[in-house]
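There are two complexes below, and they share chain A, which is joined by chain B in the first and by chain C in the second.
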Partner chain A sequence: MSQAQVTIPYRQADGPQGKKEPARMKFYIDVKRCIECGGCEVACKNENNVPPGIARIRVVTINEGEPGETNVAIPCMHCSKAPCVAVCPVDALFHRPDGIVALNKETCIGCGYCLYACPFGAPQFPKGSPFGSRGVMDKCTYCAGGPEVAFSERERRLYGSNRIAEGKLPACASVCATKALIAGDAEEVANVVRQRVAARGAGGGAWGWDAAYGKGF
Partner chain B sequence: MAGLANVFGYGAMTNHQNDIRNSRSIMIIGMNPAENHPISMQHILTAKETNRAVIISVDPRFTKTSAFANKYVRIRSGTDVAFVYGLINIILAKGWEDKQFVQDRTYGFEEFKGEIAKYDPKTVSDITGVPVAELEWVAKAMADNRPGTVIWAMGGTQHSHGTGIVRTFCHLQMVLGNMGKPGGGTDVFRGHDSIQGVTDIGGGPETLPGYYGIGETAWKHWAKVWDVPYEWLLSRFKNKTMMEKPGFTVARWYEGVLLDSKQLGQDVNIKAVMFWGHSTNSMQQMDRVKKALEKVELIVDVDPYVTNTAVLPDRKDGIYLLPAASNYEQWNSSVNTNRDNQYRQRVVAPVWEARTDIAIMVDLAERFGFRKQFTHNMKGGWRGIPKDVKGVKEFSQQTMDDVLREINAGALSIGYAGATPERLKRQQEWAHVFDIKTKKAVGGPVDGESWGLPWPCWTDKHPGTPILYRNDIPASEGGCGFRASWGPKAPDGRNLMAAEGSAPPGGPNAGYPAQKDYATDLTLGAIKQALAEGRSPYGNGRARFNSWNIPDPLPIHREPIHSPRPDLIVKWPTYDDVKEHYRVPQPYKSMQKADWVKKYPMILTTGRVVEFEGGAAGERNSPWLVELNPEMYVEMHPKVAHDHGLRHGDMCWIETPEDMDAKPSRIQVKVKVTKRVGPDTVFLPIHWGGVFEGKSLAHKFPDGTVPYAIGESANTVTTYGYDRLTQMQETKTTLCRIVKA
Partner chain C sequence: MEPIVLWQHKWGLTFHIPWYLFLGGLAGGTLTVAALADLFSGTRERLRDFSRAAAYVTIPAILIGGLSLTFHLGKPERGFAFPLFFTNYQSWMTIGGWILGAFAPLAIAYAAAWYLNIGRGVRTALALIALPLGLLMSLYTGFLLSATWVVPGNRWYVPLWDSRYLPLLFVLSGISTGIAAAGLGALVMGRWRTSSASDRGARESQAVAEVASLADVAAIVMEGAWVYVFLASFGAGTLGQQMAFKLMTQGELAPWFWWGFVATGLALPLVASGLHTVGERVFHARLGWIFYVKFVLVLVGGLMLRYVIVWGGDLKTPLIFPPSMWPVPGVSGPPIPGLGG
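So, the complex of A and B:
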């Protein structure tokens, strides 16, 4: 199936050229809110039937048990200039029109270049061996399935569910207890973040603010 | 719950979780909502962001919640009374108390002040391990940022003087004038699905549904609701004394099996035990639970999963597992920690051989020969039940609605009358019109209603009471004073009615007693009359600093039964031994030994983790959850681990005092080295089961039912210690030693 036929979400308002623009799907992880409950990880596994050992999203905690303890959920960030897409020798990774970095599992040769390129550790491989055979890569699909007929058995087996085609948000963001993990069109996500930052005042919870400008207001 | 009820009148969270969005300070003490109530963190963090609310986390452990606090205070486990009294001591010394509130709405402040004087910051610092400067910081933060809420859970209650601890939390809020207003309150978070509802319908052994007690009046009231003769109910018991005598509690039922029957408050030992959705690995002294399970004649376990109960005892027969349907397979309504009623639709019909709880109950009633009385009430019979119920998996939705109507009809003391199935279903349809901050509906057919019709919801026109004891709105809109539960005057002759000018508007502008018969007039006439006259049906009384009718009228600090401070045991000893409490002897002083600490130098505390709940029979059967938290472990400070020659991932034995048995209780667990705990404390999560004293019980599960994760139960090593009033188990504080495995 060609990429153009993928079901993608569009923005409501008309764009500059007077025609509807595709949404630009993004994740945002609010480190001032993530409590490491693991809800996103479980929802992802349940939704997409992800096998043990593969983490399409994981919550990382730094400074555990000490002041400054911070959690951050890390799925595939679906980068605009995605290093994985740039290095993939067989173009198994590609951008959908809505910005989601999609994967064609039948093209993937399991070389692992994307694993080295990705700053977030998103690409997952089902096996490891002394001679480098890793199997076909697996990663967060933004709950948008893959390049197959939407809702087909084949899509479900290879990639998991396709909530985007159903008009829903990814499972992880849908269940987030504290709304730390937000997903959706970049404009909507930016609105939510802007409101939170404004409410929080100076620094707005930006990572490293205290170190750069000192504590307190 | 008993602590709250004895101060304010109702044993429930006073405000609601959404209301925390209105708070300007939030003291989280003895609780870890980031793990145990993750959704509530949404409200707590919103308050932090939008109100700049100060979050204070008080805990022996730097929890995931502490990571979000503006101030973390490490306290020695079980010293909460002293800590809070220290705060109040500072508040009173600085004159920060809400004098108007104390004068108008409380009772017993004078003698309370006398007690507080004993807890100067230096003394408190010695008991709790909290530096004086931190006490002062917290007291000032709470005083400067009002309204503020105090939130706690099992860390406050699971102590041998837990009721006292809970009451001091209430007293702090009374002194600060934080009660009965948005953003304030005493917000105890209940720990399970519908646990508030279970308490409300008489889950405890000392009361019938609706906290009526189990005296003759209570039985007669419910006999009328159930439309059965009182004499018939009486005939089911040995005699009237036994009918009115509180039974065993979940905390110590096993002593009813193990002790000599002469020591018990009844003639014979317990012969059979039935678990209905309860785990044994959440019961303290599980090694004794095991012995009891081996001694009883019959064990019945009603659960969707094969639980720890089924494999714990060494016995070959006499265990029956009844597969129960999950909540997704049955219509039901629940009451959550906010006192919110919620209707829940069935998602699928019961699968496999599972049966709904009510089908199992009615089938049992049929076999015991009282089905007619069981399914009958003053409004007629429960509809939708077939003539022959043997093997029937579920009844119609109508049956569940009729059960709820029966509760509506009878539980008037706590205002269940208004939460009818019709209104709950309508709220479900209109969920989108409720405001997130106030829980109040805007427009639509539910206009003005509060989400979940939180009790007291006096009539089917009443909007519910999202915030208890709020006297700035009329009674018909959910306003009320403190409950006038103890009459117009205390035994010492002092007034128990609220002061002039302190009452919900629209009625008498002063205190008043409860409407006569409001809890027993099944026509609702009494309730309606009170509301029509602008009065709260349960009266307008005072909150009590001095609860003269329970042990420790003024709460005092008492060292845990297993205390690491022999010097403090002398000064702040536990209670005198009690001959009989809930039908079993309950020793205190004779169990509190100063020299335990020599053999067992570490404080042991227990708690929950986010992946699991309670005994976790369900959760440990989920591959996704088990992957996140696969193994039982003990949290240990690096210094402790290194002093014992242990490294992260090593195995060790945790051993606890041989207080009831000849030898120490012990479990073998993996070491997790972390600074979450201080160098004096180790922490065990409670959820595992299926391994006992180092030996796997996996072979005892029926084929194909071994959970993905089994492990040692923390409660194998928790020791003796039970609350003086409620008999709640003291799982949060004991002593242990660490032995390299």
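So, the complex of A and C:
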């Protein structure tokens, strides 16, 4: 297996020591903006040749048809302290320097431990074989391919496209019509979220605000 | 706000994982009781026979269990070569690989010591290692499930797999099923021996079964008490725990839980023991067959418990994060465990 060097996006400004800091890539899903169009799901499948039965991102609707209906797209959240990375016995799941939780399909043993550890349902297993769910795990790659030579045929077959190495953002975030799903360096994402929350007033529609502080705060 | 519950399947889809959890816990239990009975047998023939039967039963249990564990993997060959590939030592699967890797040879050595009638000294030495390792084996099957991480506020992603209740439940169930398997093994082996020899073998195995039955009553009572604690705290627990409680006691898993586990694995074996005692003491009837029924019931109950726990693991804690729990580094106090600060 050729362990190609990964192409890492860097922050715009230099770090405190004057060094270039790797960006910390994150998704943010704005539940006030998502309209459940499914564009992200389609874009993801189209971009990455996702195997049948696997949804690397899917839109979940809660309170459907009732007041307060909410839609939220759920990809892998690329957690900083990722439970899947913690439980994986063979270290097939790992953090790239830019914070993306990447998967090595060459070392995955297909045990399913990550599936139960993940609160977002990001790691999934192919269901095509006669024995139900077999084979190795598949998950959102943040459109950053895998630990293979960038743009190689092998990487494309195993993991899908590598838009990060091309200098682009993930396909799902690129196509999102309402900019509900935003991606990028955590600082940039936080700036966008801060502006939106400030514009909306107290609570800002943050998930769980009403439950914690009550309405009309 | 309605919670988001993400349902995911894998371990409950095929027989591999529930059977492994059952057989692994059972093997841990049989080796523990074998070592205990051996160490404290003194000159009592019954306890030594019981220990021998338990040691023999451990072998098929751990072999079948280990194979089913390995073949649930997408890549079983990497499971066999786990010392080479399992590099993440904070994962319970890696720790469990080593526990299983130590347990299987020890169980075989202990059974061989019985079979070849090597001196008591060697057996005692093996038993002293087997006792903690057997407990560890049952315990780890619980920790394996309950290591699926903690979110702030002590809420589990998989509420049913709570590390405060599950490991001890699996240990107690492992011991009760282990005793039952050993008793059943003694009965079957006694019958097999009698076909060639006199009636003596049958009587001896009947005596061993009585010991096993009595010990199993104690184990079942302890297990039942712990199940009650488990359920009671879940019924009054967090949102995720209450949902798991409802799923298990009133939802889709309720028939499996109440009939499969509570009735079959806990209640009926106790009834069978009572019937046997009354029948033998009061009516002087020969009711040896009741032991067969009782041990099989305990085993079926233990298996159903693993199925219910694995199936119930599909239910995940709702993802509600009140903003008060969001960690703000350096502002809202000490770092939150599991998330950093």
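Basically, the second predicted complex is superposed on the first by the 200 of 217 C-alpha atoms of A that agree within 3 Å, B and C clash if a C-alpha of one lies under 4 Å from a C-alpha of the other, contacts with A are read in each partner's own complex, and residues count from 1 in each chain.
Convention: a contact is a pair of C-beta atoms (placed from the backbone, for glycine too) under 8 Å apart; a residue touches a chain by one contact, two chains touch by 3 or more.
These numbers were taken from a predicted model, which means no experiment stands behind them.
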item	value
Clash or fit (per the criteria above) of chain B with chain C on chain A	fit
Contacts of A:Gly167 with chain B and chain C, given as first, second, both or neither	neither
Partner chain(s) touched by A:Ala117 [first = chain B, second = chain C, both, neither]	second
Contacts of A:Ile62 with chain B and chain C, given as first, second, both or neither	second
Touched partner set for A:Val87, first chain B, second chain C, both or neither	second
First (chain B), second (chain C), both or neither touched by A:Cys108	second
Partner touching more residues of chain A, whether chain B or chain C	C
Chain B versus chain C as contact partner of A:Arg33, first or second or both or neither	first
Shortest span in Å between Cα atoms of chain B and of chain C, once chain A is used as the common reference	14
Set of chain A residues, in rising order, touched by both chain B and chain C	68
Residues of chain C defined as touching chain A within the complex	1-4, 6, 8-11, 13-14, 72-75, 78-79, 82, 85-88, 90-94, 97, 145, 147-149, 151, 157-158, 161, 313, 316-317, 319-324, 338-340
Residues of chain A that touch chain C when the two form their complex	60, 62-63, 68, 72, 74, 80-81, 83, 86-91, 107-113, 115-121, 124-125, 131-137, 206-213
Chain A contact footprint on chain B (complex, rising order)	34-35, 38-39, 41-42, 45, 49-50, 52, 62, 64-68, 72, 610-611, 622-625, 627-628, 674-677
Chain B-touching residues of chain A, taken from the complex the two chains share	32-33, 35-39, 41-42, 45-46, 52, 64-71, 177-179, 196, 199-201
